[in-house]
Amino acid sequence: MGIHYYFRSLNELERIIRCPGKFKFEEHSVAAHSWKVVQYAKTLADIEERNGVTINWKKLYEITSSHDYGEIFIGDIKTPVKHSSPELRKLIQQVEEGMVYHFIEEHIPDEFKAIFHNQLREGKDDSVEGLILEVADKMDQVYEAFAELQRGNTEKEFVKMYRDALVKIKNIKLHCVDYFLNHILPDMVNDEIVSTVDIRRITDEALGIDRSQSA
Amino acid sequence: MGIHYYFRSLNELERIIRCPGKFKFEEHSVAAHSWKVVQYAKTLADIEERNGVTINWKKLYEITSSHDYGEIFIGDIKTPVKHSSPELRKLIQQVEEGMVYHFIEEHIPDEFKAIFHNQLREGKDDSVEGLILEVADKMDQVYEAFAELQRGNTEKEFVKMYRDALVKIKNIKLHCVDYFLNHILPDMVNDEIVSTVDIRRITDEALGIDRSQSA
Amino acid sequence: MGIHYYFRSLNELERIIRCPGKFKFEEHSVAAHSWKVVQYAKTLADIEERNGVTINWKKLYEITSSHDYGEIFIGDIKTPVKHSSPELRKLIQQVEEGMVYHFIEEHIPDEFKAIFHNQLREGKDDSVEGLILEVADKMDQVYEAFAELQRGNTEKEFVKMYRDALVKIKNIKLHCVDYFLNHILPDMVNDEIVSTVDIRRITDEALGIDRSQSA
Amino acid sequence: MGIHYYFRSLNELERIIRCPGKFKFEEHSVAAHSWKVVQYAKTLADIEERNGVTINWKKLYEITSSHDYGEIFIGDIKTPVKHSSPELRKLIQQVEEGMVYHFIEEHIPDEFKAIFHNQLREGKDDSVEGLILEVADKMDQVYEAFAELQRGNTEKEFVKMYRDALVKIKNIKLHCVDYFLNHILPDMVNDEIVSTVDIRRITDEALGIDRSQSA
Amino acid sequence: MGIHYYFRSLNELERIIRCPGKFKFEEHSVAAHSWKVVQYAKTLADIEERNGVTINWKKLYEITSSHDYGEIFIGDIKTPVKHSSPELRKLIQQVEEGMVYHFIEEHIPDEFKAIFHNQLREGKDDSVEGLILEVADKMDQVYEAFAELQRGNTEKEFVKMYRDALVKIKNIKLHCVDYFLNHILPDMVNDEIVSTVDIRRITDEALGIDRSQSA
Amino acid sequence: MGIHYYFRSLNELERIIRCPGKFKFEEHSVAAHSWKVVQYAKTLADIEERNGVTINWKKLYEITSSHDYGEIFIGDIKTPVKHSSPELRKLIQQVEEGMVYHFIEEHIPDEFKAIFHNQLREGKDDSVEGLILEVADKMDQVYEAFAELQRGNTEKEFVKMYRDALVKIKNIKLHCVDYFLNHILPDMVNDEIVSTVDIRRITDEALGIDRSQSA
């Protein structure tokens, strides 16, 4: 028994790969995903603060950094499965929560049990921190799917992931969502437009060759 | 719609890695696992035939080669989750079967629907073919876990996987189980005993050095 | 001596990668390939049966699941080498068969020797099962090469592999070949046509933006 | 210009591998490392709070999640290089800070510049949050090196990393350091002692064989 | 102390990946890069010899094969960092040379010290061998970047790497540079032009289908 | 036609992995192997020169850097296959040489054909340079196999590779072989003896704990 067992278990999320089964040009671990969500959420919360919203930073820290911890027990069960029926979704959530509960009861010393039960609860509630977590989590799906599509991945799952995440974000009422839709997303999409590479032209420029005269 | 969608989907099982999250020296895809189960089952059935048992080879072919197809939809959900409650286990099985069912209805042409529904059903029934599949499936857990333990993997999960699979095999009443326990398993365990390598001794032998005199 | 040495050796085919040397977006092990051939062959045989042809399922099971076992000894020697001269081709086949023969003699117990010699023989004879194996083996080359070309791989080897496999299949007289050419291949090629992704359009649709008015 | 360029750049830290050049059984990206530091720091701060220390959670969030961002520009330059001379160490730090500074000036919109300059500064100062970050960062070196040593890695660099990180932690005066040394580290070291696996014994137990009688 | 420590250290360059952090379809180790530079340099020197230039083959052998040995100590520090200021560039070079110097003093036996100090010095001087090394080193950047661009990599770093390497080569006065620009580079660029693959056309050709009539 | 096709082909040797099929903790490409052989050969030739032997450095450069080029066509065909019969060995060598010959005739411009035919010939003749190449090539087998054994790899193939390479080296009459056997190999073997790590002792030392009193 001891916090060591919690710390050691974090390593497992470095080995669970998101979106298992689908072809992808670049793999992402749940650990790396979690870190990016932490980073997005920080900036999203900064935007809220600039708009006069009060942020509970301790709570935001807790729920974003631990938001996928339950995948240690449940793996990255595919979204379609989780959502195939309300009944199944609820039961899987119960199992995940049950396994986290038992892990805490078995491994965490008594004086820290309350803290861990609180931190490892489902964080996506209706508080501003819960909503920011939801936006940040979906933003990483947007970034992951976008990079695959941009590199020529033809798996339909990434089109769907990109579209569904955008729709989910769009419907959350936060100042940072407006900022994302008006400033961040346009830069991302524009990135793609300019990314085609004309190797011959670059070669000619580097060598100082002007072919326009030769025609 | 078409069988092409079934054939293309097989590729996903090359990308789903067994035992996600746990550290392992060697990864195994569900596709490679499925192939080894096909191979084990063939020899196990040969042993049954030599003991006078009649084998339905078409059925054995169908149920072994497709036995993990449902993981395309469900991923390699961790065994502890699947078994955390009888209720959950049953529901996950329902979902998996439901998704396989819908896949067939959506993608397989009418004239082949019955064949696919039959082939992709759960194969581990009480027939001799179903029992052979169960033994072959557990045998691969024995081989996978053994190789990890032999290379020094200290994850307790592999000790548990090795032990649980042996217990499961032991309790199945088949001629091939006797053969496995009496002939194959002892060779495997013996393999481990002799595997320690003394580099200095090998070096001395290769160079023709005899240190026994020098003491 | 014992069947354990055969079962353990199967693991080597998980580590031999097809088409060594060439750049590819996705690697395939000989084990995973073998499993897909088993799956294709099963459905191809179903198609033959539906057309009134009698299938020896035990034989089909044996020859498809083991058809590349000799690569454990010989590696995935490149096709151009194998075919560079009839003399070489024959000699390499002799060596492969010789090494399989010696493996069986050395490791397989006497009572199973006949079974293994029979199963690990070259399966691509003129029987319907042998022809189905040939079609299934080439079909996997078609699927592998197609996926590389579709993702933008410019290695000429994959164009050649795709084309040569199609030509080989086309010239085999089986009902399942007709089915492949008329139903499966068109779906595959059509897949490619519709796979281009327009990220801006998807983004606009997800956000409910209509740019057609703005021009 | 835009925050998009910051968010997109985070992906690079998923591809920078810690401790480049050395053989390791398991690789860790800077992104995954950063996430584990975030997690350790959260619990370390909880321990401080339980001992009556006040934590600035917003500051802790900012400095831990971003503490290795500069490696995007500088890579994981080897520690011996960084420390080979005070002159070099200082200059490399200047370059890293200069490149972060220019990144912010070039890509971050004016209204967020101050926030980013503040967040991406060197966080390891003498405040309690700065010290917690230092402890959490070294703790991950302890965990990484320990896992390599436990699996039999003989590279001396990991012995040194493990030892140096422990010495560094030991000399920091925080309640959480006492907790780490007295409760977490002993569990970790004890883990190692019990990890040897006796495959024969496990096999015998699983099969219900009692060899003690047979002697 | 002993040459063994030098030979063993070479293995580290198999694990240092060039261009860390950037997305790439294919990774290249410093060891593999070094080998290709050895190969290019050999042919470049052959071209010089054919033009009447005398080559010191022993020197060329020494400086090309060892030219990146210092990266064992320094890693593949990113080019922008190395060049961010003349002051930093000089200091990093001093550190690299200092660490190589100390390695030789510590590990190489006295009778070989002079040889190793001579071989592991910076080889890119103004001699013909030094210039050939510079051309060969840049040529590998051209090949690496070209292959990424050709496969659709949209990272701007590879456009810049390709262009900068070409400009650097162009400005070196050697017969082999003329040959590269007039014979090798055009073949490379032409490669790209013809690489687009029309899967439908290939399929039709393989099957002997002529669609031109059907319109 | 052009030297570009030769340079581009080198990339294939970065993707051919040595010793295919066998489990290994660390993979080595033929390209990285070739580079290490170049490095070993350089020092081995330095040792010969110090003993008064004249080295043809241009020849040594050519034969060592290109010595495995033929594997582009033939792959890393397993040694047991190559040696299974003198007839097969000779035929495979003929095929490899034939394919290299045709590559040169097809792709290398006329004025360089003679140079390439000379460089890509089998280099392991009885000249001092040919013998050095043989020693360097076997030395890399010693290093590769040693590292696997040291990390606990139990595949018998690496014991055999290590032993056979040592025997081969021992029987070559060169000054550098004496040096290898008397100075390099003892350091390597000694490395192994001292590599066991006692984590508890290191931990105690780092923390300044003295348990010797407590007993």
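Annotations for the structure displayed:
Each chain gets a letter, A, B, C, D, E and F, in the order it is written, and its residues are counted from 1.
By our rule, a contact is a pair of C-beta atoms (placed from the backbone, for glycine too) under 8 Å apart; a residue touches a chain by one contact, two chains touch by 3 or more.
On a predicted model such as this, the values are computed, not experimentally measured, just so you know.
Chains that touch both chain E and chain F are the following: C, D. Among the remaining chains, those touching chain D as well as chain E are A, F. At the interface between chain C and chain E, two copies of one sequence, fewer than half of the residue numbers in use appear on both sides, so the contact is built from largely different positions. Taking CA atoms, the transformation carrying chain D onto chain F includes a rotation by 120°, reported to the nearest 5.
Using CA-based centroids throughout, the chain positioned farthest away from chain A is F. If each chain is reduced to the centroid of its CA atoms, chain B and chain D end up 37 Å from each other. Each chain gets a centre from the mean of its Cα atoms; for chain B and chain E, those two points are 45 Å apart.
Between the Cα centres of chain A and chain D there is a gap of 21 Å. Residue positions 11, 13, 23, 25-26, 147, 150, 152, 185 of chain A are each in touch with at least two other chains. Chain contact topology: the protein chains form a pattern that is neither a line, a ring, a star nor a complete graph. Pairwise, the chains that make contact are A-B, A-C, A-D, A-E, B-C, B-D, B-F, C-E, C-F, D-E, D-F, E-F. Residues 25-26, 147, 150-152, 195-197, 199-200, 202-203, 205-208 of chain F touch chain D in their complex.
Residues 23, 25, 146, 149-150, 152-154, 159, 162-163, 166-167, 170, 181, 185, 189, 192-193 of chain A are the ones that touch chain C when the two sit in their complex.
The residues of chain A lying in touch with chain B in their complex are 11-13, 15-17, 20-23, 72-78, 80-81, 84-85, 87-88, 91-92, 94-95, 98-99. By the touch criterion given at the top, residues 2-8, 10-11, 13-14, 26, 28-29, 31-32, 34-36, 38-40, 42-43, 46, 50, 55, 57-58, 60-62, 65-66, 109, 111-112, 115, 119, 139, 143, 147, 183-185, 187-188, 191 of chain D touch chain A in their complex.
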